[in-house]
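Same chain, two partners: subunit A is paired with subunit B first, then with subunit C.
Take a look at the complex of A and B:
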């Protein structure tokens, strides 16, 4: 078989996938990027005759107090639910499960995984049923004479953070389980013999060894969480007020409820850049000592 | 040989990617009708299915394809607007009346030659016909309309020592009743839509029902009103409710939830925990069988001198991209004939736009609230049919929510509304009063 023939074959087999990727991923992404510099609306005169408005959408965005609020909400949500919540809980679970029997491992593993395999909207309904004013949490607390509270109203951010931790911890747990399993037994034994305590074992031996996994995991959970829409939308709808409105929720409101597509796509671009920046920062940190 | 197979494969893939499925399997014409099915009693689907059968009996060569969209109002509006821009197979589409002008200005709806349809001229109420007239052409056929007012709970009023029938003449009369209901320990002295999650309901059933009773309005002389005494006093009405302390946070969370209407259907007629409800005539459909318990009264203007109401409704339009515009109009005329509309509103509880249906004895007897609320049309108001309305509506919802939840005072919310409206519509498109 000659070289040209081989090349044709490669191209031919890759063509369907490439066509699909270009058509359904790159083309819309480029369109979104271009729309972000226009005043395009979903309906109305400017849906057809839209104009190039330069960076006006971007200027407007950073003057828009609600966008700033939604950005802060996104960061709070990301930090507490994913970067800290899911990872710390996932790590603790992975660490604790190491020394347990197969039976306990599979029971705990299954329980945690259930959250991960449950569809987002179902998770929302489960948590809604839990936090609702007539929900199971208030019913339970009522047994001890505690008056019902409006959890989704007074502690809305906490509620969505808890829901996301419950849903996403399994992913971090699995990542850390495989990372911990990769630590050579000799390393632990040597440290043990040198009289290293439990805490030092963690900070001086385990964490430095699995540093790569931590960074990879942080990057992945960040990207999964930053664009999270369904869970928050179904649980609080971004409310009360703008208390749980993250950038994806605000973007949806502006694009599909207020019909300002141009402004909405500009937010999408900023969100994309935000995700890329965070990933780069994580990658950079890999090169430094923890 | 291999090369030929590869080339064929590539061709096949590209066809499936680029080709569009316009061809008709039977060679006949297909008429596609897109509508919103909110679920529940499936009145819409029953109506459309009947219209399809009637139409196909008249035109055996045509197949009517029904496309039901099981979604809420906001999502349906977005979805249908997107479909009209990209899907050329759509012929007839159901559109919320307030969205019609925006769709027309984007060139998505075709002008409807109603002169070929004598019944339209004779039987449809003039007010709704005028509303769908743009640049001298009709762009949508209104098949339902609605009005809004104050429902009240007779046993609850009696418990609070308030006289029935309840006939408030000013906002103060309403607030006074609320205060007494609150003093009598009624959980929800006044129930209303008040959050962004409740969408257009908050704008139309609450804010616009208030401001339309002041001397001001949100859109005057083709400019958006950024600030006016009426905007502030409407928000002050809501602040008064908040300041009276009639809602605990638990109650607010319940009332302001997007699905709260289900809770309301329990709490208002059955468990009698609600005194007054500000809502539309379609709620009467949920209150059937409770006519002895719940009654309705028109919403008074701020300082008296009559009453106010808001009206909207649903329409059928024809897609600009449709290749069967004549058939589409014929389908609409079959669906909107007296018999079909009578059956439809009999199930849905909606208010008809046809004079002969409105005069039908069965129609009148079937919906007591609807019959009592039909005269509200005399003093009703319509939303501005302008592109920017959906965006302005969100600002209204945000203002209402921040006041009713106590996050802002009426004045703070009015000031923020003013600055947001100015940003939103741009210089030259707003006024201050």
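Take a look at the complex of A and C:
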């Protein structure tokens, strides 16, 4: 009696959240999977009378040079802005800040957090101004006699990478700050006494100790970056040409501009699979901490 | 100071100097936002205005549609966060307090969902909403956003609940209080900081979200600020820089303020929090 009572209670408590998750989160993911094997369109005849087309969308995708280009762009963007850019800068900041006064720590922390608290559309505007031909970067370089450059046109990928480093470094910085704070002082001291140099201290002592945090952080920043849409879309629109078209942007264009929903969902599935793999790595990396 | 002294000073303070330079680099792009918003003829470069003016702000605030967009953002963010807080406490309570078969599986599934990129499910979500004719609705957009924020919030809420000693509740149970009453009178006050964390995370994630309303909402009067400001950029923003900057600041400051003020609440939830951004 008491047991069934408790069971009902558990179900009643958990049901509202679970229903919402299943309806709005889980079901669309399953539908995406099913639709990716059809030729469904957003409007017109094939919006209702769509057909099962097997893996045609996937075959088409990997034969589509623009999709391949968007995939390469995504990887370049991911690697240089998040995996390398945000993490290396975040780590350096965290490392340098360790022995600084509270005052320096809060100034630097606040400056870096500015990017983090700025909504992504505003990040785009800020960098639209920064990289513009008549923008801040060119006027600064002009002081040294450097001729103005069309950054958003000729170096569009570099521009979105820098914008994303600006936006996301705070996260890695805070993660590494707490990881570094966890290194026992004795480990460093022992290494000093053994005459270990600065570089070796980093590679032989610090990095091995915080390896877990690095893995966790890498998966998290990757997951945060892989679906990034607004920042790139508002800053470059994926252009010039397809230079900054990442998978989310190409997916959006195919689904909502070209109305090929089936094709668009196939791309979504690729994105999702990538996210699933990373999510599993993330869970595994947390397992020893749980 | 002669050269050797300078060199010595630089060497001693190299870390400090590098840090301050990086800080300056991070502030630099933002300065444009502030100066341009106060300049009637704002250029795209960082320049102290010849004459400070609040005209840009009054221009932006004179449009009813801009108020409307802020109101929409607030409605979505507030409803979503409230819903998420209530539902996540309810769902986390049994996970924290009762023996449940497959509790580990549930917790791992939640963590797993936390990591998935929302961008990837927007196309099918649009299709479902389109077919069910619930597209372009603040309510359905809010419910969808709540669903995406729930896995992580339940996960966090369970951790907060685990920290509350069970003895207080046992006393309440002996006095004959039901589970809901216990939650309201015992649990709720003890995890208030945790509730703040979940609320602020959800609220700021919602306020800053661009892609979800961009896809799901298409009529001007329902657009939240994130989308309205993007439309403004397309229509006037590439000419009226001052107004674009003022609009952006008005949109950014509430959330930046909320975030910075609540730092002390947020510090313990931060590490995982970015996953849902």
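Everything below uses one rule, namely that the second predicted complex is superposed on the first by the 271 of 290 C-alpha atoms of A that agree within 3 Å, B and C clash if a C-alpha of one lies under 4 Å from a C-alpha of the other, contacts with A are read in each partner's own complex, and residues count from 1 in each chain.
Just so it is clear, contacts are C-beta pairs under 8 Å (C-beta built on N, C-alpha and C of every residue); 3 or more make two chains touch, one makes a residue touch a chain.
Please read these numbers as outputs of a predicted model, since none were measured by experiment.
K.L.:
Go through the superposed model and pick first if A:9 touches only subunit B, second if only subunit C, both, or neither.
P.N.:
both
K.L.:
What's your read, subunit B or subunit C touching more residues of subunit A?
P.N.:
C
K.L.:
Considering only the touch criterion stated at the top, classify A:174 as touching first (subunit B), second (subunit C), both, or neither.
P.N.:
In the superposition, A:174 contacts subunit C only.
K.L.:
Applying the touch criterion given at the start, work out whether A:25 contacts subunit B, subunit C, both or neither, answering first, second, both or neither.
P.N.:
Once the two structures are laid over each other on A, A:25 reaches subunit C alone.
K.L.:
Between subunit B (first) and subunit C (second), which, if any, makes contact with A:240: first, second, both or neither?
P.N.:
first
K.L.:
Examine A:60 and indicate which partner it touches, taking first as subunit B and second as subunit C; both and neither are also allowed.
P.N.:
Touch partner of A:60: subunit B, not subunit C.
K.L.:
Check the residue A:256 against both partner chains and state whether it touches subunit B (first), subunit C (second), both, or neither.
P.N.:
both
K.L.:
I'd like to know which partner A:149 touches here: subunit B for first, subunit C for second, both or neither.
P.N.:
first
K.L.:
Under the stated touch criterion, which partner chain does A:161 make contact with: subunit B (first), subunit C (second), both, or neither?
P.N.:
The answer is neither, since A:161 touches no partner chain.
K.L.:
Should A:248 be classified as contacting the first partner (subunit B), the second (subunit C), both, or neither?
P.N.:
second
K.L.:
For subunit A, which residues belong to both interfaces, subunit B and subunit C?
P.N.:
Of subunit A, residues 9, 16, 20, 23, 42, 256 contact subunit B in one complex and subunit C in the other.
K.L.:
Quick one: which bits of subunit C touch subunit A in the complex? Just the residue numbers, please.
P.N.:
Subunit C reaches subunit A through residues 15-16, 18-20, 22-24, 26-30, 32-33, 36, 43-46, 87-88, 90-91, 93-95, 98, 100, 108, 111-128, 130, 143-144, 146-148, 150-151, 154, 179, 204, 207-208, 210-211, 214-215, 226, 229-230, 233, 237-238, 241, 244-245, 248, 251-252, 255-256, 259-260, 270-271, 274-275, 277.
K.L.:
Under the definition above, what is the set of subunit A residues touching subunit B in their complex?
P.N.:
8-9, 12, 15-16, 19-20, 23, 41-48, 60, 64, 133, 148-150, 152-154, 237-242, 253, 256-260
K.L.:
Of all residues in subunit A, which touch subunit C in the complex?
P.N.:
6, 9-10, 13-14, 16-18, 20-21, 23-25, 27-29, 31-32, 35, 40, 42, 89, 93, 96-97, 99-100, 104, 107-108, 110-115, 117-122, 125-130, 132, 134-136, 138-139, 166, 169, 171, 174-175, 178, 219-221, 223-224, 226-230, 234, 248, 251, 255-256, 261, 264-265, 268-269, 271-272, 275-276, 278-280, 282-283, 286
K.L.:
What residues of subunit B sit close enough to touch subunit A in their complex?
P.N.:
3, 6, 9-10, 13-14, 17, 74-75, 78, 81-82, 85, 99, 102-103, 105-108, 195-197, 199, 248-250, 252-254, 256, 258, 387-388, 390-391, 394, 398, 401-402, 405, 407, 423
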